[in-house]
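Take a look at the structures below.
Two complexes, one shared chain (subunit A), two partners (subunit B, subunit C).
After this line comes the complex of A and B, so read on.
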């Protein structure tokens, strides 16, 4: 039971990183300025690297090799939240998603650095350091673009309104939530959400974006349970296109 | 990557008559002594113009070159390849950033350069007007196109303009990792399944002609550029560069058991030079003038990226972030 709960926790975090890393990498060559191409690529590399490290922990717990796990599962077998699988859209949507998600991840890995599962705590300490740069990047740009021109403010507001229900889906409770907390693996989604709301509110207060009326935002759940939007399976098909030419081959 | 294959037009040197002869002599003596020219130093207008043209062309090649390989990032097979390819293409975009900065020291802004790219006024390496159909094509680019670029860039790094040389030194250091990555990918295809070997052989067959074109027209027909050689803007002839590349890489390709689609390709033991079927330079001209399989697509992608990103650039340039009402 304990191990099932731990694996479930690791899978959803790893899947989040892999899918958002993949989405971030789609900006390569298309960014609004070269510096943003480069920034999104750095974050993509960190995130895909983090997912790889987390799949390695799962491998040590008896799950299949990272490549098999990442490249051979179908959408229903993925536990990422739906926020990360949505298409990049325009830059404003990608930036807002990056801000909402990475604010949560920075807190998540901070909490995980206290995990009773030592290999996870050790990894979280390393990842926490990388995430500092992701939140620094998001906060800097949200502050600038959220207070710059009517167009930039309007675009960010619109994307924020679209992304928020999905962002609450990050915190969809696990069926093993009480076991995860009791074992000390992780402080739990509710605690994470509480801290996240404070950070999001504090940053938005430094912009001209509207303060969020949280009770009116309805969370979109399902991702943690294998229920996904129509966007995930095509992403996975693309990701595994070459790998599946011959999964036994070495590439 | 991805510099190299620079195309030079015939140089009109009449403007030199208007330059101050003493300054011109001092400038040439400085280059002759192997010293670098720096942005605030005096330089003839022709030197400035040709350098901008060359560095800009190189910078454009980096961002356009990121497109055919970039499409394989999302499809790279396995974590190792996915992570490496992301880092590699990111390097290329970083090279563009470095090179645009180097060109800006000569007085042309990044925005003007991008505008000239989109209008077709300034060029980029011809090889990126061809499509990367398969994973093996992306491996060909990473290994052999980068190898060709290194041959050119190592030569150019010994040129006379300080900012460009310094950018190239850093670029070459990063390129050497790309070459290792590309070679590693190809070795896995070469020693893999029949299907994998076939994929790479087909990639070679598709890319060999563009690769031969990469170094630019044969010296027999290319424009006279003696003054650029004297000023150490251009550091070697196109045929010399091509020969160097063939010397280093043809044996490696053969060693892996692949064939090259040119029955006349061989090294002449007497001259120590490679002989090959003369590439089709009419095709080269057609492609460079916009008739290649991907010219329109490449520029269109760049144009869309520029247009979609305009609001971001304008907002970041806004002189002051608008006043934010304090909460209390």
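After this line comes the complex of A and C, so read on.
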């Protein structure tokens, strides 16, 4: 039971990283500025690398090889939240998603650095230092564009309104929530959400975006349970194309 | 019986970072443990960044270096139990970075807030009349800055806690 809970926790975190890493990589060559092209590509590399390290922890717990886990599952077997699988849309949507997700991620890995499962705590300590750069990037641009022109503010506001219900889906409670907390693996999704709301509110207060009326935002759940939007399977098909043609290919 | 590992550390000091060839893996601080028992050597390494694509290459270089120098059984493990941070770069390594034109990371004792990256010291003119252009650069471990005194861009090896 303990191990099932731990694996579930690791899978959802790893899947979030892999899927958003893939979405970020879709900006390579298409960024609105060279700097943003580099930033999203670098964050893609970080996130895919972090997912690999998390799949290795799962491999040590008896799950299959990282490549097999990443490339051979279908959408229903993924535990990522739906927020990370949504198409990139225009830059404003990608930026808002990056801000909402990475704010949560930075807190998540900070909490995980206290995990009772030592290999996860060690890895989380490392990842949390790297994520400082992701939140720096997001915060800088949200502050700039959230106070720049009527168009930039309007675009961010529109994307924020669309993304928020999905963002609350990050914190969909696990069926093993009480076991995860009791074992000390992780402080739990409710604690994470509480800290996340404070950070999001504090940053938005430095912009001309509207303060969020949280009770009116209805969370979209399902991703943690294998229920996904129509956008995940095509992403997986593309991501695993080479592996499926030739599993031994090296590049 | 466990032998003195000085000779192995010396050999590893000859293996360079593939992306920053002035820096050895020992100066970079990614070799965290060396153990020797006759011809058997076990090396533990840790990545600078979890997603560093050069890690496999470095691991291979370590294995080849030791095999070419008479050690017949070499094992290299990647571990996060002693995680890397930028204070692990040696003083010699920081000097080499500076000469290479790459600003060395500031000590973590001074990296109190992410905003200190706004005025990183320029490796050319040593002033902090600089600004952060991008927390991401050509590799995961570098950020891009601009020096208003030199009127030129430069890169920094990012501090990591």
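Throughout what follows, the second predicted complex is superposed on the first by the 247 of 251 C-alpha atoms of A that agree within 3 Å, B and C clash if a C-alpha of one lies under 4 Å from a C-alpha of the other, contacts with A are read in each partner's own complex, and residues count from 1 in each chain.
Definition applied: a contact is a pair of C-beta atoms (placed from the backbone, for glycine too) under 8 Å apart; a residue touches a chain by one contact, two chains touch by 3 or more.
Because the structure is predicted, anything quoted here is derived from the model rather than measured.
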**OP:** Could you tell me if A:28 is touching subunit B, subunit C, both of them or neither one (first, second, both, neither)?
**Re:** first
**OP:** Would you check which partner chain A:42 touches, where first means subunit B only, second means subunit C only, and both and neither mean what they say?
**Re:** both
**OP:** Considering only the touch criterion stated at the top, classify A:52 as touching first (subunit B), second (subunit C), both, or neither.
**Re:** both
**OP:** Pick one for A:125: touches subunit B only (first), subunit C only (second), both, or neither.
**Re:** second
**OP:** Would you sort A:8 into first (subunit B), second (subunit C), both or neither based on which partner it touches?
**Re:** neither
**OP:** Please work out whether A:85 is in contact with subunit B alone, subunit C alone, both, or neither, and reply first, second, both or neither.
**Re:** neither
**OP:** Report for A:205: first if it touches subunit B alone, second if subunit C alone, otherwise both or neither.
**Re:** first
Subject >> Which partner, subunit B or subunit C, touches more subunit A residues >> reply: B
**OP:** Would you check which partner chain A:70 touches, where first means subunit B only, second means subunit C only, and both and neither mean what they say?
**Re:** first
Subject >> Touching both subunit C and subunit B, counted on subunit A across the two superposed complexes >> reply: 35, 38, 41-42, 45, 48-49, 52
Original post:
Where on subunit B does subunit A make contact in their complex?
Top reply: 63, 66-67, 70, 72-79, 81-83, 86-87, 89-90, 93-94, 96-97, 100, 135, 185, 188-189, 192-193, 195-196, 301, 304-305, 308-316, 318, 321-322, 324, 327
Subject >> subunit A to subunit B touching residues, read off their complex >> reply: 22, 25-26, 28-38, 41-42, 44-45, 48-49, 52, 66-67, 70-71, 90-91, 143-145, 147-149, 151-152, 155, 205-208, 235, 238-239, 241-243, 245-246, 249-251
Original post:
Residues of subunit A touching subunit C in their complex?
Top reply: 35, 38-39, 41-43, 45-50, 52-53, 119, 122-123, 125-127, 129-130, 132-133, 135-137
Subject >> Residue ranges of subunit C in contact with subunit A within the complex >> reply: 49-53, 80-81, 83-85, 114, 117, 133-138, 140, 143-144, 158, 160-161
